Every structure is written in C-alpha cells, then in structure tokens.
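Dropping the structure in here first, questions after.
Naming follows writing order (A, B and C), and every chain is counted from residue 1.
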C-alpha cells in the first residue's frame, strides 16, 4: 500500500544511492530475511555476511562502508544507517496510522471538549467534562471517564479504560487493555473478619512522553494522585498500586508490581517480574534485576540489586553461586565432622 | 462540581465546628497537601505538625484534640476523625457515580431481564437470558454473556468480560478489564505431541461483597464451579484457575496465581506475586508472604509462610539470613579444612 | 435449554443403557455433585464410592465395570467413559455457542472481507483490508485492526484487541482481554537520560489450533514477526515480547513472561510465573518448573529445569533441601570451629 522508489527514499533520508535506484520499495525487512521489494539496513558488522546474500532490493549502509564482495541490492549511503532506518520506520508508521475524524457509533458527552485533528474510533466513550486535546487518537472501544484529560497528540489504542478524573499528558502512548485509575486496594479489617472498602478518591496523573504497555494497571490514589512522571516507559502487565510515584525516565519491564505509596526515583531500570513492597523509596538511577523482591528503601543512587529478598548485585551473585554448590558444602561439613570425631577418637585412645 | 459549606459538612458528619464554617469546600486533600477550598483530616498524631501549616480550609479532628499552636483552618470536631473522613469520601463517591439509565447504543437481548435503577453504559452487551438485578451499574463496553446473573447493586466498570452462565453476587465491584469465566487451561496430550482441548463446561460463581481487581482473570470450571466466596477481595492481575475455591473474606494482593482445583480457606491473607500449585488445600487464616511458592497443602490454621518453595515464616527468614552470608560460610569451611589438614600434617610429623 | 433423553445420549455416544433411560438430561455434573436431571461419568476408580450415592440421573461408565452395590442412576456403558464424556461436553458446548450472523451496531470497513457462517458480535470493529475467514466467531467488543487476517473457524471472545497486520491461523481460540500485536518494548537511551521510541513495524503471526488465554499479551516484532507456531497453548496473563518464537505444541502456564527475541522449541512445558530472558534459545521438549528464572540458552532437549536462576531439576531440588537446613549447617560449622579451637587450645597447652 506504500510505495516509493529507492531514490525517493534516499532523498527522504538525505543519502546517496548506488545500483538500481528506480525500483519500488513496498516493505521493510531484516537483512537476513530480505526479499525483492523490501528495504533493510546494515549497521552491526556482525551481520555483514548477510549483505552479500540478501534478496532485499535496497540496503541502507554507512557512507564509509567498503564491501568485500559484490552486492546485488541497491545501496543507500548515509551518515548513520541505524538512525536513518529508525527514521524511515517512524515515517512509515505515521503514514499507516494517519487516522483522523470521528467514527460512528461513538459516545461523546455534550459537556466533553474535543480538540482539532483528533481520531475517535467507533465505540469510544468520552464522559462528562472530559477534555481530548488536539491531535489525540483514541482507537475503537476506548473508555474515557468523566473529567479525564488526554493531552496533545497522545494515542490510546483499542479497549483502554481510563477512570474518572485521571490526567494523561502529551505525546503519551497507552496500549490496549491498559487500565488507568482503577480503585487502589484498600480495605479496613472489621471485627467480624470482613473488610470495609476504603473509598479511593484520588486519581492518576501521567506526565508527557509516557508509554504504558498492554494490560498494565495503574490504580488511583486513596487521596491525592498516583504519579507517573515524564518519559517513564512501562512494559506490559505491570501493576502500579495507589499513591505510587515513578520518577522521570524510569523504565520498567513486564509483569513487575509496585505496592502502595512507594516512590521510585528518576532514570531507574527495573527488570521484569520484580516485586516492590509498599511505603519505601528507591533512589535515582537504581537498577533492579528481573524477579527481584525489594523489601526496603534503597538510598544509594545508581546501585544495582538482585534476588528475593534482594542484595547488592555482586553479593547476590556470590550467594547464588554457593547456593548451587550447597550439596558440596554440606558434604564438606559432614566430612569435617567425621574427620574431627575420628581425630578425637584417636587422640582419646 | 460538588460544593458544600463547612457547617453543612459538619452537619452531615454530626460534628461541631470552630473557625470560619461558612466557607465552601470543593475538594478533598491529604493534610500535607491541603489547599484553599479543600477539606482534610487529622487522626494520626504523627501528622500533627501539618495541622499548623496546612492551607486546607477545614480539618476533621477529634472531639478531644487540644492544639499546641494556632490553626488557620476551620475545625470540624467528631468522635472518630478517620471514620468520619471515610464516610465523607463514600458520600462524595456516591454523588460522583450517581449514574442511572440506559445509554445508547447498547445491546440488550430481548430475553434478558434488567431490574430497577440500573445503569447500562453505552456499548454494553447483555446476552440471552442474562439477569441484571436492581441497582446494578454496568460501565461502557462491558460484556455480559448468555445466562449470566449480576446481583443487586453490583458495579462492573468499563470493558469487563463475563462469559456465559457465570453468577456474580450482590454489592460486588469488578474492575475494568477483569475476565470472569474464560476457559480453564485443560488440554489432553495426544500421541503425536499435539493437545486436545478439554471443554470447560462449568462456570464461575462469585458471592456477595466481592471485589475483583483490574485485569484479573477467573477461569470457569471444567465441570461444576470456580467459587469466590462472600467478602473476598482480589487485587489486580491475579490469575484464578478452573475449579479453585477461595474462602470467605480472604484477601489476595496483585499478580498472584492460583492453579487448578486448589481450595483456599477463609480469612486468608496472600501477598503479591505468590504462586500456588494445583490440587492442594490452604487452611483458614493462613498468611503467605509476597513472591512465595506454595507447593503443598497447608493444614495449620493461621500459620505464616514465606519463600519459594515456602517454609514456615520464621524458618525461612533464618535460611534467608544465612543465604546472604553464604560466601562467609564457604570461607569458614575452607579455613576449617585447611586447619584440619595442617593439624593432621603436624600430628603426622 | 438443552434436553435429550438418556437413551438419545447413549445413541450419540454409541453406548448401551441400563436402568431408566427415558429420563431427560438437562445438565452436566461431577459425580460427587450429581443431581436429578444431570449426567456424569466414572473413569477413575478413586471415585467409585460416589457411584452408589450420586443423585445424578445417568452415569457414563466402562463397558466392563461391575458394580459392588446397587446403583440408582441409569448407566450408559461405553468403551472409554472419559473420552465419551469429553465428546459429550464438546457437543454441548457447540450447541451453546451456535452463534452466527452480524449483530448491530458493529463497524466493518467496506474494504474488509468477511467469509461464510461468521458471527460478528455487536460493537466489534473490523479495520481496512482485514480478512475474516469462514466460520470465524468474533464476540462483542473485539477489535480487529487494519490488514489483520483471522483464519477459518477461529474464535475471538469479547474485548480482544488485535493490532494492524497481525495474522491469526485457523481453529484458534483467543480469550477475552488478550492483546495481539501491541508495540514491543524498544526504547533507545538518549544523552539527556530520556528514551527515544524505536518504532515496532513488524507483526504477530499465530499458527493453527493455538489457544491464547485471557489478558495475555503478545507484542509485535520490531521488524519481521513474533511467531506462535501451530498447536501452542498459552494460559492467562502471559507476556510474550517482540520477536519471540514459540515452537509447535509448546504449552505455557499463567503469568509467565518471555523476553525479546528468545526462541522456544517445540513440545516444551513451561510452568506458571516463569521468567525467561531475551535473546536465548530453549531446545525442544524442555520442561521448566513454576517460578523459575531462565537466564541462559538451554541446549539439552527434554531436560528439566527449576529455580531462579534455574539449575537442572534434580540439582536444584538438592540445593533447595539444604537451603531449608541452612541454620543447622551454620551451627555445625560454628561447632566445628569451636571444637577445633578448643582442640588447638588443648594441644597447645
């Protein structure tokens, strides 16, 4: 559906061409999976051998690259092939997603405000007093509750749910099935063993350039706000409990859970399936290995942690190494006991 | 959008006022984040210093509290400030969620029954022979399959899916993205390495006052019912497999998974990211620490467990403490071996 | 709603009857929970005692079974009672799910193609150039993006989201809330600490006879395809990252996560809550215990692994056994140290 000649693409990328630059490109491929009509790139020298074999019609390559064998594909030479290729991907994605307008049926409250150049897919619901700023895209089946704000150029994919009064910043991407603003898990134990629900009256406030993965859940605060600061990237199936704060540019991998009222610093890197208890603080720049359990505040900036309960990274690696040798260790101790008791036997004789 | 004077709120709470009780309240805040026009509370003495600094217009406070410094905010004096504040939150929440009626477009089978004072949001689907009792709220995009019953005053938020023939009790809250009644994971291995699906013909039966978190999944039984008893509270992203039974008033934190046919007792407390194998029983009142793995029946009521595979809580803490010292332990054993071999050397000399 | 006599059911199953075979059957039950009007089965001798107590109207039983006491229920005698019962379940499920036609309102792009005998529930969205093959069932609220193909006889339950250009094979079952084709988690770190999104331009390709559990997420490839081969069975809440390949007939339990570009072999069995790092390979037939963490390529076919980080199954069990005795081990070492130092003391005296 998209079709440019190789020389047109070279023009877009500010590159120069070698070979048959009149051919039309209709697809993007990895160099090892290239096929006629596709374009690919070579940045990592590890993949150089594929250059001489690829069936792709065009390869984006470094200005200075000198081939060691004949190349069948046309070449587009640029300063930085990886960057050029990423730029190309972005342009193609923008073309594929050039959706605007309001599809029917959709439900838009008469008290809601919608900006310019928005896309509102069929079966979207926009509640009372909600604000949908310019350039926002809401894919089909997305629910935007009463009083919600969605900032400029943000994209919410299909079947996202945003509860009342939450705020999403500009240029965010929220993937399908994500739930923003569900009730925090707060229940007060009663004398008869049952629980009384503590109303969760706060909201969720998400900054700019935040990405939220598919089926990730972010609970609203009891009072105040659960806060996801600018530039945070959350993978799929993550749980963020009520009143949590996640600092700027922190990235978190899939299936991690963060318990209530915990504050995570900026520029953190948290692996997948990590669990973090409630009411603690994690300093800026902290790295946490996959499947770790964090049960205490971490004060040291840029420190690295691993294990459940977690230790400093290197210490945990040592413990793990000996854990694998525990059978040997036990045998050594049994041998020592035996040796010593024989010795005692001997000396007593 | 909501606006009462301080003295009106005092009236609702059965309290007495001090200070400027004519001011209008339009928001709820934490004491440390109070701002003009907001109401807050002081229950925990730890937060007393904020009382003298808060910008909130009103503070709910104990009848008997004696301030140690001047307070700018108006005071509402009550017996139990925390309880009064929770009551206030509930009232505000009820006001904000006073939704009734049937929004269009929605799909309601002519064979379905809907009670009085229900809210059925746009894009809701109600299948054949489904029963929606009085006072139920179905938020937009929720799917209620054939033959499903939803009990009085239950709330299903946006984009919930309830498969055919499941039963949800009264006064339940089901959060967005939750899936009730998907097929249990049952597949019989065949000679050629493939699997034959075992039909999952049972259902899910949920009692009264149950809360189910966002994107939590509860599978239907193979035959019979997967059962969630009265008062159970499930957090987000929990997996409940087919034929599981969860006893009354048990609470389970996010991302925990319970495998098929396991029976969990009443009044249990299960942490986040716990895994429980299938076909076992957990006694009443058992506490399980976060990230634990439970692989055997637990018969001792009110016992506490931790670790993967789990041990009794205290024993596991001891093992964990020594795990962190394994490097030291290994060095000690090496030193002992050396000492003993030198000794042997000596004695042999 | 379904009603056959016992002798009609015996006819369907190719069995012979004993007792009152004219009674009508309207439900299916477990033998221990049978009630008048229900049919059940006895295959496992462990449950034989229930045969003499059950209130069920009919029991499917082996041709050769000899009762040790009087049985009130009618009997249907067949070669293999479990197989016959499963067959019966399938037939009932097919009857209950005999949905066809297009419900309104739904959104079907004029450029989409829909085959014969399809069911398209209300509030379904079918994007441009999408292809819905013969016999496909799309339950209400399901989103099918631009250019997606859904193969013959596949079922997508309510509120599934399939992003653009993904391909789903024949006879697949995708449960509610599953997300197919969300962006892979790819972000390039920038000098200022922020991240630049790497466009995810590939897709997801799912083979035939694949089952995907509720709220499971499968990310699209950066370039190329994330591939789920024929016969794979995925439970609920699983995360499959970009460019992963899962080989034929592999089964994976709930809440497991597989990181980017990892290739999993055929006929694997992976437990619940397992984490697998990116860019590794798992050989055919490998078994991985629940909650394991796999951080390295596994080359040995049919090997079994357990623990985090995982060891070979038996070795891990030994390490775990000693982990539970670490307190004792530490005491032994302390005792040895004391004994040796006393001994040294003695000998030096």
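The rule is simple: a residue touches a chain if its C-beta (ideal position, glycine included) is under 8 Å from a C-beta of that chain, and two chains touch if they have at least 3 such contacts.
Being a predicted model, the structure only gives us computed values, none of them experimental.
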Leftover contact groups, counting everything except chain B
one piece
Could you label the chain A-chain C interface same or different, taking same to mean over half of its residue numbers are used by both chains?
different
Just give me the whole-number Å value for how far the CA centre of chain A lies from that of chain C.
25
In chain A, the residues touching two or more other chains are 105, 123, 141, 159, 177, 215, 237, 255, 273, 308, 323, 329, 333, 336, 340, 343
Which stretch or stretches of chain B touch chain C in the complex?
105, 107, 123, 125, 129, 141, 143, 145-146, 159, 161, 163-164, 177, 179, 182-183, 185, 187-188, 193-199, 201, 215, 217, 219, 223-224, 237, 239, 241, 255, 257, 259, 273, 275, 277, 293, 308-309, 311, 315, 318-319, 322-323, 325, 329, 332-333, 336, 339-340, 343
Which residues, counting only chain A, touch chain C once they are in their complex?
1, 28-30, 33, 86, 89-90, 92-93, 96, 103, 105, 121-123, 139-141, 157-159, 173, 175-177, 209, 211, 213-215, 231, 233, 235-237, 248-249, 251, 253-255, 266-267, 272-273, 290-291, 308, 320, 323-324, 326-327, 329-330, 333, 336-337, 340, 343-344
